[in-house]
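Labels run A, B, C and D following the written order; every chain starts at residue 1.
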Amino acid sequence: MTEELHWKTAITGVEPNKVRLRGYPIDQLMGKVSFSQAIYLALKGELPSPAVGRLLDAIFVSSVDHGAGPPSVLAARTVASTGAELHACIAAGVLAISRWHGGAIEEGMRLFQAIARLAAANKVSEEAAAADILAEMKTRGERASGFGHRVHTKDPRTQRLFALAEELGLAGPHVRIARTVEKIFRESMGRPLPINVDGAIAAVLCDLGIPAEIGNAFFIIARVPGLVAHIQEERTRMKPMRKIHPSDFEYDGPGEREA
Amino acid sequence: MTEELHWKTAITGVEPNKVRLRGYPIDQLMGKVSFSQAIYLALKGELPSPAVGRLLDAIFVSSVDHGAGPPSVLAARTVASTGAELHACIAAGVLAISRWHGGAIEEGMRLFQAIARLAAANKVSEEAAAADILAEMKTRGERASGFGHRVHTKDPRTQRLFALAEELGLAGPHVRIARTVEKIFRESMGRPLPINVDGAIAAVLCDLGIPAEIGNAFFIIARVPGLVAHIQEERTRMKPMRKIHPSDFEYDGPGEREA
Amino acid sequence: MTEELHWKTAITGVEPNKVRLRGYPIDQLMGKVSFSQAIYLALKGELPSPAVGRLLDAIFVSSVDHGAGPPSVLAARTVASTGAELHACIAAGVLAISRWHGGAIEEGMRLFQAIARLAAANKVSEEAAAADILAEMKTRGERASGFGHRVHTKDPRTQRLFALAEELGLAGPHVRIARTVEKIFRESMGRPLPINVDGAIAAVLCDLGIPAEIGNAFFIIARVPGLVAHIQEERTRMKPMRKIHPSDFEYDGPGEREA
Amino acid sequence: MTEELHWKTAITGVEPNKVRLRGYPIDQLMGKVSFSQAIYLALKGELPSPAVGRLLDAIFVSSVDHGAGPPSVLAARTVASTGAELHACIAAGVLAISRWHGGAIEEGMRLFQAIARLAAANKVSEEAAAADILAEMKTRGERASGFGHRVHTKDPRTQRLFALAEELGLAGPHVRIARTVEKIFRESMGRPLPINVDGAIAAVLCDLGIPAEIGNAFFIIARVPGLVAHIQEERTRMKPMRKIHPSDFEYDGPGEREA
């Protein structure tokens, strides 16, 4: 074999008794940084401040689970009901996180970034740039991802995420642009289209410098634990091969309580 | 349709403008609990103490990434190199986390639990119970999962995880049993078989009351972000359809640094 | 790199302008052998007779699709409804072909082979061996895979497959054993448990010399085209993100017609 | 629940002891039509002639396996080496059939259809339409899918497939267009770009009336059996967790033989 296949990677260096993530010995990170900080380090290459870690924690917490109805949960439960192993059930759930389910984060990020770029390029206000882009999208029959929700008219998770971003000093131009877009919808349309949790996450991830093409990864990372909870419930509480109704279910867990 | 398909779930309740995970409004959890605490809440049904949250953080941090060589990374990169979407690459990586890769956590948990049960049932010491079970396994030609490593003879992550568990007052009988097993190997065999990071995680998860059948989920949850980092590097740094050598690669990221 | 990774494969040899499957130039196979014969060649290493090809055709035809209710179809449609790409939808469907769905073929094969082995080893009749093994299974609370069906009390596909196997001179000891098992159930139980299509396929595959561990592969190979038909119907006829009821659907295609 | 979820499907009707694919009782199809004909019936809704069945057989045979190097094989083997179950290995392989691997069929179909449409719309020759579209693609820096190959300069499978299509009277305008494109490449470029097997399949599928969006399905359907052969070889011949070299392997199966 003379074919040259040698390649390089900048993520993790491994030597006997040493594993270094982006240069940091993993055993030194353990106990010092949170899982969320380590995720950022893996993806961006630099260790984030504890403040960024806390904001990421809030993002991941916001998306751990949204109930039994989303297609990712139904796909994972359907596979679990056939007696498949854990990893197969998780993989099926992840495959259902796609354009129409979870995809709003990446699309929202691209929208906010496009508005920021246009405002900078044309030296106009973000509001003018946003109005232009939204008008164009309307012409093409496209709707803005990250706004409006079938169930939640005023998503409490959006409010909380933006409040935290402000508190931690991490709200930047993209959070501002997201609010501008919401304002344009409210003022120029009969029906308001409030920022939903996907739109809020999109704005905050942009301000944290995450590239749009891995925006959906944050949703997938957050949701895998929720999928595991559903898979485990399916296995331990339900009969194999039951017919899984996609909406006729009720919550029978603990009543409302305070953290 | 008269078929009765109504079903119940105890994970998340959803009403307009309210999403409650195990009874806790998610917007109230945001900013108050870490991602790791929310994962435990989703899986176990109760909010863990901050100490448990910190120990879980250490577990997840320890397993975010172990370099480019594991099959999950190679499977994810192979799929990424064909131009597939993010979720397909992640799913392929997750499918490679199976019996021989990541599976040691669940098997280690079952071993430690079996020793604890036998000691209690027979009213013998944990050491005697462990010796019995290991002798039986030897007869059947089985090896103990969670001990020994091809590369790391003294895994610094094991030391760190056990030290943290002690510090936080969370090391219990299963950590003790893991050390007993290690001692038996050391004393009765020429070549020592130190607890590896999978074995250490197994012991700690047992002490945290996690059921063995979702033990591997902790590895999968931890590793998905690492897979995303590799997928993103494959997409942005490598040529499509390259031949991915499974071991002839080198790390060219930042030099060793301190957290 | 001095690590020796060179390896060997006996499936397909590739040289410039030559692709040979198990030694046969693929371009020479094209037009001469059927897809089913090529599948057997790939899996077993030898080209089967046209008669075997016809019997395999019947097996694959029998399992192309069984309607919209099976979990593999629901998983594939659920993923399709999120806007995912074709390969992701197929993969999710394949992941749902597991222990309780499709798994009966492998388990049935193991049962028939166990009976054949016991009869040979103990020099007893197949009926005596079958009665022994079924009695043991009853004691352990196990049920025999490949017998009985929730919907079909007399599966016409079973009759047809066995008739074809006889006609083609390919019915052997395992088909005979399957019938023996059915007879034991009928005579010793109030409720008859007829051989279902999975059990019939299991018996025929044993007689064709297929190893049990790839028995389920025949079901997966047969079913992938059916999954594609459902994915395509979901994409072209249904709204994205619809709630997919697992049983409240009706067939509105062409009325009964003759081949 | 008053939500109306009733839905309709035109693929398979199921009643007790009756399963009808597109109206045909499956037990009547068994023994009468080939697997390839049943695949066409499932996907297109009508039973094809035996001639179409034979041409489809040739397409599927041509793509059953192309050796151990393609990413789908490497992904499936990588997952198999971790001890995963058959369906998980197959799913990982299917996930690797994507844009750069297998995707040429769908893209080729779209190219040939675009040329046919342009020729009809502008009432120009297919050659003129093809030249126009190829010139535009060149301007945009796009390359035509289905032409050229790294290893095979004169793909014998292409010749065979087109010869069969002619023989069976099934070669139509899209096969002609494919040849026209090849001719333009040959005459206007230094280096010839012969039609490869993906391009040939694309042309024939267009002439058979298959929609482009399921073009890749034919490759996936054909390749699943090949993946199973590799998975089975990996499991039975190789050590678990071996490092799988992506190109340093050799064929050691039967020598060249005639069908």
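Observations on the model:
Convention: contacts are C-beta pairs under 8 Å (C-beta built on N, C-alpha and C of every residue); 3 or more make two chains touch, one makes a residue touch a chain.
Small disclaimer: the values here were computed from a predicted structure and weren't measured.
When each chain is reduced to the average of its Cα atoms, D sits farthest from chain B. Comparing chain pairs A-B and A-C by the number of C-beta pairs in contact, the larger count belongs to A-B.
Taking each chain's centre as the average of its CA atoms, chain B and chain C sit 35 Å apart. Averaging Cα coordinates per chain places chain A and chain C 40 Å apart. With centres set at the average Cα position, the gap from chain A to chain B is 23 Å.
The residues of chain C that reach two or more other chains are 1, 3, 5-6, 69, 84-85, 87-88, 91-92, 95, 97-98, 243-248, listed in rising order.
Taken in their complex, chain A has these residues touching chain B: 3, 5-14, 16-36, 38-39, 42-43, 45, 47, 54, 56-58, 60-62, 64-69, 85-88, 90-92, 94-95, 97-98, 151-157, 159-161, 164, 167, 211, 213-214, 216-217, 220-222, 224-226, 228-230, 232-233, 235, 238, 242-245, 248-259. On the side of chain C, the complex with chain A involves touching residues 1, 6, 69, 71-72, 74-75, 78-79, 81-85, 88-89, 91-92, 95-101, 103, 240-241, 243-247. Looking at the complex, you find that chain C touches chain B at residues 1, 3, 5, 84-85, 87-88, 91, 246-248.
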